[in-house]
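Got a structure for you, questions after.
When the chains are written out, they are named A, B and C in that same order, and each has its own residue count from 1.
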Amino acid sequence: MTDNNIILQARGVTKRFPGVLANDKVDFDLKKGEIHVLLGENGAGKTTLMNILYGLYHQDEGEMLVNGVAVKVDSPNDSIALGIGMVHQHFMLVPVFTVAENVMLGDETTRRGILDRKTVSAKVKELSHQHGLDVDPEALVGQLPVGIQQRVEIVKTLYRNAQILILDEPTAVLTPQEADELFVIMRGLTARGVSIIFITHKLKEVLAVADRITVMRSGRVVGTVTPEEMNEAKLASMMVGREVILKVKKGEAEPKEKILIVENLEVQDDRGVEVVRGVSFEVREGEILGIAGVQGNGQTQLAEVLTGLRLAKKGSIFMNGKDVTGKTPRPIIEAGLAHIPEDRQRHGLVLGDTVADNLVLCTYYQPPFAKWIVIQQEAVDANARKLIEEYDVRTPSPFVLTSKLSGGNQQKVIVARELSRDVKLLIASQPTRGLDVGSIEYIHKEIIAMRDRGIGVLLISAELDEIMALSDRIAVMYRGQIVTTVDAKKATREELGLWMAGSHA
Amino acid sequence: MPEIDTKQAPQSGLSGIIKEAINSPLLVPLLAILTAMVVGGVIIAMVGGNPFAAYLGLAQGAFGSFKALSETAVWASPYIFAGLAVALAFKGGLFNIGAEGQLALGAVTSAWVGYALPDMLGITLPPILHISLTIGAGILAGALWAAIPGALKAYTGGHEVINTIMMNYIALNMVSFLLNGPMKDRTPGNVIARTPEIAESARIPIIFEGLRVHWGFVLALFIAFLAWWLLWKTTVGFEIRTVGMNPDAAKYAGINVKRTIVLTMALSGLLAGMAGAIEVTGLNYRHELGFSIGYGFDAIAIALLGKTHPLGVVLAAILFAGMRNGGTRMQFLTQIPVDIISVIQALILLFVAADAIIRYIYRIKVEEERVTLTRGWGG
Amino acid sequence: MDWRRFGFIFLVIAVLFGVVVAIGSKADSPVLIITSMLATTIAVATPLTLGALSGIFCERAGVVNIGIEGMMLGAAFFGWLAAIYMNTIFGFAPLPSLLIGVLFAMLSGGLFALLHAVLSVTYKVDQIIGGTVINILAVGVTGFLNRQLFFEKGSIFGGQVPHAPGVLPRIQIPFLADIPVAGRIFDQQPITIAAILLVIIAHYVLFYTPWGLRTRAVGEHPRAADTVGINVAFMRYANVVIGGMLAGLGGAYFTLESVPSFEPLMTNGRGFISLAAMIFGNWSPFGAWAASLVFGTAQALQINLQFYRPLIPDQWAFLQNSYIVGLAPYILTMLILTGIIGKTTPPAADGVPYEK
């Protein structure tokens, strides 16, 4: 059983969190110089396993071997010493530090007690250039675009002589073209003997880049396969454990009146930087307009302005025939807006409050939930029971704190609250981020149902597949502007990818 | 991810009762008080006293006779109001450390209406009117004084912790100025910085002949009920609590967060002002310099001990009032200085705030929601 | 520090100086007045500077510390107690007694800070509540012990406040203190001089050493620091205790350098004003020092106006009232917090307990 090529091995790793068995007797091995993809849907246990390998978590049972020798990894210091480096899904970079400071943090070079910034800068420059990852050591990380920040993360691991590189969902923040560039860099690294574990839930890139694929589901390893014997459909059913319909069932759209008209919108972010630079578009009742684009091109601020959370510098917004420019959230909601926010735990729910209260968060002051200032508790309770059943929210009772629900059910509470009102326009931002396949299917179904009921939908998502599957028309946002608007039926992935990267003049 | 089972079916029998008791929200505060008294007892022993005699004297002085109960109720009245003030602010996600200043200004304003108004108008006022105006002036002053840092937080982001503390010092300076100057009691022979006595018509009647307890205590209990009703049964309370739990989601859902913050602080100041007004109209019939010192911190301790719930605040206020009242008797009987009470109260607060320490000592596992006040710190 | 803030500081200090010079120049020369004010300003700014440095170390590491007031009060008491003990019971000479007092003051600050760290880092109590607990504890303990030890018959000191060993002696900086008139600026007591040196040291440590880099990382993005092997809890504990010792030194100023006695609540809000200085200085040592000087000037104004009371012209009679003049630091603090004078950015993870 000795394969001299195996550089890293996990045997029987088990990890429990309160109420959840995150890893269940997981076996995993990595061969030298390979790109090994770890595939699974959100919550399958992939990140947990990697965090254990990297020393951020401790396993309850099981062992880890490097080059055939059992090792104890109690902290990142140990894993770094073993030559393991990790690039996390959410970057571990201090925005107010320079690239050099971020790279040397924890492993500082000093001269007589003072930080030796010059030496580190020089080394960073050399290292990044060597691997095709050029970065400016003196740049402030917070001001770098996301794709460059990722390079800094990789340089950080190479600075510490990583021979094993773990990449956790690295393409979530990249355009298709940038993802391709990343794959090129990865092949360059493996050619130099670096071994890579690549975590993802995106089926397309798995087949493009993997030497081997290990699929995880509900904390267990389902199997390890090679790309030659697989296709997307087979991988999907391994991931989910049943037949997965990869295409969303969608009839023809029948768009009617314009329900949202946006003209020449200009918006600044908190630092005064212009992030939306003259955007105009419209959404009709009964159609889905998808806004595609990598995060950070102004979509977040656009959604904030449309929902009344931020003031635009210039431009106008008409909803349902009314001018809602500059209005606060309440009148916009009363004019018929439903909103599924990007950050569901921060903006969408009051986690410390009950499910019932969250379900009337927008309507508590209106009859039948209130008479003058007195809350009519029976009406609130009846409403909660009705919606919990209708939307199949898994909760023991309406009076449970929302914090106790799973991510998918939390999103269902938001969906139930928003879509059960008499609404004319739905703005959905990253509605399925971090959710399991079952919940994703449910929400996609609901969005199509809304559209078929005659409601206009503005869908903002960084997942190009989601945009392409749901939208009737697609607009691409790049650097604060809409650079193209196309009919979804005619759009191709490659073309959209180019627009998203700003590659079209 | 598998669902987490949250609600367990109620269990029957003795084990069920014990389990209910262990999970009851009263347990940790009670154990905190117990632990603090044990530590206090150790300190008493260390300075040469007898802890058991001391605590006996304390209990006697607090609850041992009708007079003792009356005195405890008298002390409890302003504590209830002040504790409610801080608790209400907490529910709204705000830390009102300015209860002391709001209380002092409330007291001084009430005192002024109490002693100056009849002379100004040249007539004697019917007590109902005069008392209402007196208390009304006090709560208005308190509300205004708290609304200022509230507005600063809502519209400039200045954290209310430092601003309310600054307002305390400003209020104290203003009150010192007034009590040493324009509002000073000019009866011949008086050198103390205090207001003249308020008119008869402005004094809250006592309940029982011979005892000091007055109707203000009943008012305090009623206001506590009103606070509970406001917070959990009205739309206003819903907004206050929602902003307290998650201002981002509240804004998203259409609640006017800025307005709610100012309103919460104003209501909080209103209650603190009422504490001062009750002191003046029910207890001392005047305001004297230094009388409000310490109420601010006591109010915080009472609010936290009462778990920011109006009922808890009432119970905690009565406890603190009992300790304050019984302390003098304890000192009289056992020579232990009454300051040990402050130390015990500080320890109670420590154990309540860090209830994890209590849970560790007594091996209890209880899920608690976490208070977050550090939002918005520093801009 | 940006020009708007620098300009504001300069303007306020100039105005305050100007008022005193305008009034006092009938009696003394302007140069004398200015140097006298400057000397006083530097001295009274000491507890504010040290308090602000304390806050900076704690908050740069991500722990909000509003217990600085309590730490200072406790240190003022315990440092003074130690000095008196050494002097009266053990018979030490005044200077060693006072220096031991300073040591105990710093120790006291460090211990209170340790409690704050335990509450905030290990038990993840809301840090503002924790700081308030520290303040209440300090008031209770110092009040109790003060009464118990000095006012009760039968206590160690016989129920009387013993003759204290005075205050720390002034140090004249060679050469600079010999300058005629202006020399008095360089004639200061040890803690005041230490405070200024500590500003420079703090700046150096925070921005030029690995300790400083790691501290700032832990305060901005603790998870990032964790993933490169830095022990977040240890960094927070260590910096909070350092902050506590700095606050302790600030407390020592009150009873070992300023006046030789202890009064309950004598810190009088200085710990909170330090926090405003820290915020205004944008969490940097030199910025906080500059802000402390502004507050110090307001206080020096109050002190100097006492001298020139009879010279105050009638139109400005309100200046005679110490209550009104005494309001200046507090109103100034509130004004600064409104952000009119520029926006400030706290460390990103300030006040957020770190969960793995």
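Structure notes:
In this section, contacts are C-beta pairs under 8 Å (C-beta built on N, C-alpha and C of every residue); 3 or more make two chains touch, one makes a residue touch a chain.
Since we're looking at a predicted model, the values are computed, not measured.
Of all chain pairs in this entry, the one linked by the most C-beta contacts is B-C. The most distant chain from chain C is A, comparing centres defined as mean Cα coordinates. A straight line joining the Cα centres of chain B and chain C is 30 Å long.
With centres defined as mean CA coordinates, chain C is found 46 Å away from chain A. The residues of chain C never reach two or more other chains; the list is empty.
For chain A, no residue reaches two or more other chains under the stated contact definition. The set of chain B residues touching two or more other chains is empty. Of all residues in chain A, only 18-21, 43, 307, 309, 328-330, 333-334, 339, 341, 346-353, 357, 361-362, 364-365, 370, 373-375, 377, 394-397, 400-401, 404-407, 409, 436 touch chain B in the complex they form.
Put simply, chain C touches chain B in their complex at residues 59, 64, 66, 118-119, 123-130, 132-133, 135-137, 139-141, 143-144, 147-148, 152, 268-269, 272, 275-276, 279, 283, 321, 323-324, 326-327, 330-331, 333-334, 337-340, 343-346, 350-352. Here chain B touches chain C in the complex through residues 47, 95, 97, 152, 156-159, 161-163, 165-167, 169-170, 173-174, 176-177, 297, 300-301, 304, 337, 339-340, 342-343, 345-347, 349-350, 353-354, 356-357, 370-375, 377-379, going by the rule given at the top. Listing the residues of chain C that touch chain A in their complex gives 208-210, 213-214, 216-217, 220-221, 223-230, 348, 356.
The touching residues of chain B, counted against chain A in their complex, run 1-7, 233-236, 238, 241-242, 245-246, 248-256, 369.
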